[in-house]
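Two complexes come next, and they have one chain in common, chain A, joined by chain B in the first and chain C in the second.
Now for the complex of A and B:
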């Protein structure tokens, strides 16, 4: 895959069909990469990477890149294509400037899961069929890939690309039985007090670094209200720890109906807070109240919360579901 | 050197906790963090904690003073909470060095009395590393992971905890637990030091060169053409600054409580868009400038003002936590010239 992608990128750049390529650059270790804007074929040849660890969703970088004009190519995994469509729907990117190369993805590994097995001093990782062989200064460890796969990939909703101009590798199918709402259902089954305790426990670890917001393809405001000194609710410091928790709840509301469930928020959280569960709760609710809807599936449909149908649920639904309204 | 059998470790913790609050690394579901010790809490020997030990002396949010208005009078309410003695056990060599760096900022004139008070009340007990990771680069800054600083340095070797006091405060703490300790020779510790030093040689970043940042390099580094490329993918989040044991910038906020003012200070991040925003505007309006500020501060400005000491201790947290894996090591390699 990597060589095919690299060669195609070099070809597009050399032929002048695009003047830059949005991809991933090799990192310091065997498991890290950095999103990169390549403008030089030699740079691509030496540094481009696509492997089991190239997890970052590149679609949000297109918002800034489109403002610069010129044509660009971007590599999108199936889940990233949902974000791309949603950004197009919201007029945040210019479709005509972008050549989308859909790429096959079989799920990405989470190095934190590798390290959580007590594997330190990693000097190399090789993929051998269904296993990783992790070389460390303390010896080699072999482990099944699925055991260290990122949480979001274990419940992958779709291997199908929603958009592409060309494809490298295969496009797959949507998987309605991925089980991505299982944990939400567990939380729903809790008593309100248990659920409150669960979220207070998780959110109490928040250090308010804003990584979840800044990486989120649905968070593309020019300036977030929480960063704006003139908004009256600038929130670099919270008065109470509960206010800190509310940030995440407010953000989940703001992206409701627009969140494609790409899972970047939970991937980047330095405190390992399962933020995607908040978004999934909203998605599950909307599916149940307004009919199945997947943000980013297309670029034209109206989202449930910005649409009106005669058979939409009534506000009293909150009571009917046992809420305290 | 003193020693305590590992089987008596719990008694040791209990003896300290009977005198003052004791915090130590504890494994949780999501990694390791400092927790208050109480009976039943198990000390974690994990390499390092998610958050650094600077939190004990420079907390993320701190209520510094309240003002209460009644009629035409304003009452000033002291909200200080940092007056209790406490012990932090299990601090690694990298974090231990960070206190020296923070001291140079907060204990220099004008002294930050909140920080100074916590430093005066806190006793730091450090733990030598035995299983360093690939992200460790303390060696680049002359830190010896086998001989951590602190009021007391500890080693866990063979079946004992070995303790060596470095300061009066450390001596005082050891005296309090004297009934539990016995004298021991240094053979086991020396053997461990030698073995870990051999392990450290195999780590990829222990000898990361720093020479390129020594001497009169301010303008050369500041004007480097590499900053735009290095910072291009930066999300502008505050992860690197908030997990960093040496980042020390803060902001002060006043909250209107309706009948007064609550004044708080909180960590600030040079990565944020309103950092250094003043009445005239902002001196750094792009992410390139903000990104450059962070690394110039650690590698050039801080050493220039502090006798050549770098503002980084090589703990490696930013290496593992940055959402896009851009970090000080990559910056040093790129600006140092060896990535050419």
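Now for the complex of A and C:
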């Protein structure tokens, strides 16, 4: 897979069909692959990487790349194509500049889960059927995928690419029974006090590094409200610990209806806060109140929160649901 | 730094009885920026306004806070006064300490504390106010009347009489509405058709009036003076301008078993029909639910017999877009569905009828050619029981809580006419109260009792049970305190009336408000009864509340005069509190454009100079201030806060919130 992708990227770059390739390269460790912009075939040959650790969603990097002009190729996993469509819908990227190479994805490994098993000195990873084989300086460790796969991949909503110009590997199907709202349903079943305690427990760990915001493909504002002195909520450092909660709740509101549930926020959180649950709560509510809607499924539909239909529920529905919403 | 004057109004005792106004004025005088603070009995009076003007001059005020009634009452008054004294009218803020404070609180200490907080919030806002200048927008000199009943007809005629173009949109194939189904009108007993149809003809002949019959309003855009309305003209499969209304097709059509809605399903019509003889426009319509040709492609009789060649089976629904300066809602009423009142056996016996069905039975053009005959066996009934308030004044939840207003009078009319034509018929009327306010109304009712010997019995009917060819009516006589059992031949139910079902979706399109019963709300229940709170939308007839014909006609004319008052103006002053996009922050994401109900937002590609002397073309939102109505939907939709509303900026609102929460 990696070789197929690398060769295709070199081919596109050498033929002059694109000026840049948006892909991944190894970080300091084998498991912290980072997004990279390649302009040179040799650089690609030496540093391009694609394996079970290359989780980052590359869509957002196209916002900055499009501003530079020129043509580019990008590798998108199925879940990333939703973000791509959403960015196109919001006029944040220029479709005509971008050659989308859809790539097959069977779920990424969560290095924290691997490390939690006591595995150390990781140097690489490969897939073997239902298992990951983790290469370490002490030898290979084999472990079942379902035990160390990232949470967002275990509840993968779709293996189908929403958009691509060419495909490497196969495109799969949408999986409506992925169970991604199960945890939200559990939270909904809690009493308000229990729920408050749960979120305080999670959010109070926040160190306000802004990684979730910076990685989020829905957070592409010219200037974020949290950086804007005129917004009234400008905030670099929290004055009280409760302000962290407000940061995440405001952010969830700002991406409501636009979040494609790509799960990058939770992936990058150094404190392992399950931020995606906030977004999933919004998605679940919208599905229930306004009918099924998946942001990024296409580039033309109108999101439920910026649309009005005669059969939209009345705002009082929240009370009718017993104030649970 | 603003120099702010605070003026606390007593509103007689409306405010002063619950709020310590002196204490409010004193407390607010210590607020940052306040250089003058006072109270007065009636701030809106000439003397009160002069106090404000004098203070502006004496203290060099740059901002004014008036603690008084709702801004809907007197914001304009105070803005004008300040403008005359030389400060921008948008430097005035109202703290509503009447509707939102004194009227809803009983405790003076609490109410005073709240009034002070509301005043502080207004002061905090004024600090951030900026002078605004209003522009103007042109007025499209044409009116739209939605609904072609007597209300719509009268409104259209009056507007046209003043020289303005009017379009009527009527969902049925003909105008005329409910009045065309009524036989006689109280209290003078003249024939409804005889007084209605000349007006219908006037409408048809008036060059300034254009009727879109068999049509519905599909979409409304724009604002007062500049509405753009999409009208859906449903396919009637007959060329309206070719059909002569000769009626041959309606006699030859082989599909004879179509329930005739004009006679409320009590007889049949053909699949191609003209609702009644005096229909306007007098044009046939094919009912696609019953026409064999449209359903199976086989038949075509009407097309063969039509000498004018008016039949067109290929006709499609048509969307017409028209511009209007004003819109009048005249969507009328319907009797309620009686499915929840089965104790009266309406669904069990054809001889239990609604009052509107009774109108058709007694009408010469009705199913019995005007003879009072029972629907079941065509026999003449000798005992008739009228039941009033069926679903009206019903607090059980299954009917309507309000009084339908017209039933007492039409029931008296029915009872009287029955006794007049058929003196051998015993007529009973069961009532909760008989309500007959109105010119010559009580006299009318008394005639029914005293001259015509109608048995009026105070009490409700508990049950109607069909037994053989009789209807056994169990009822109580509250005055005699006894149980009655009457073997009746017919029972007539005065069903409550409710707004037409088309009204609610229409209200949504017009952003006009409705009450819980789906009647349109007036801008002010007493002082602006024919205007809706949405500028440029007016109310005519029963869509605003239950009304009889004389009341409907007077309201229709009143609505027309309001429309004329609007259409004679060449320009309207715009609201300067419009949205504005901060281009430096705008992402061009289109969220605001999607939520804008007025189509005021467009996107432009604009060149920006970047820090390193390069330029970048970015897509940014641009607001047309002449179209923007300042609703603020875009400011909420904008994820980055680039969209803001002049006069109601996020900062101003947050300052108010901070002042309240401090």
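As a convention for this text, the second predicted complex is superposed on the first by the 307 of 325 C-alpha atoms of A that agree within 3 Å, B and C clash if a C-alpha of one lies under 4 Å from a C-alpha of the other, contacts with A are read in each partner's own complex, and residues count from 1 in each chain.
By definition in this document, a contact is a pair of C-beta atoms (placed from the backbone, for glycine too) under 8 Å apart; a residue touches a chain by one contact, two chains touch by 3 or more.
Here the structure is a predicted model, which means the values were calculated and not measured.
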{"item": "Which superposed partner A:186 touches (first chain B, second chain C, both, neither)", "value": "neither"}
{"item": "Partner chain(s) touched by A:223 [first = chain B, second = chain C, both, neither]", "value": "both"}
{"item": "First, second, both or neither for A:45, with chain B first and chain C second", "value": "neither"}
{"item": "Partner chain(s) touched by A:33 [first = chain B, second = chain C, both, neither]", "value": "first"}
{"item": "Residues of chain A touched, compared between chain B and chain C (which is higher)", "value": "B"}
{"item": "Chain B versus chain C as contact partner of A:117, first or second or both or neither", "value": "neither"}
{"item": "Which superposed partner A:232 touches (first chain B, second chain C, both, neither)", "value": "second"}
{"item": "Where chain A meets both chain C and chain B, residue numbers", "value": "223"}
{"item": "Chain C contact footprint on chain A (complex, rising order)", "value": "67, 89-92, 220-225, 228, 230-232, 254-255, 258, 302, 305-307, 310"}
{"item": "Residues of chain A touching chain B in the complex", "value": "27-29, 32-37, 56, 61, 112, 115-116, 120-123, 136-138, 205, 207-211, 213-215, 223, 227, 229, 234, 236-239, 267-268, 270-272"}
{"item": "Contact set on chain B toward chain A in their complex", "value": "30-31, 47, 50-51, 60-61, 131-135, 199, 202-205, 232-233, 235-239, 241-243, 251, 253, 255, 262, 264-266, 268-269, 272-274, 277, 319-321, 323-327, 329-330"}
{"item": "Interface residues, chain C side, partner chain A - complex", "value": "505, 508, 584-591, 594-595, 603, 616, 619, 637, 639-642, 650-651, 654"}
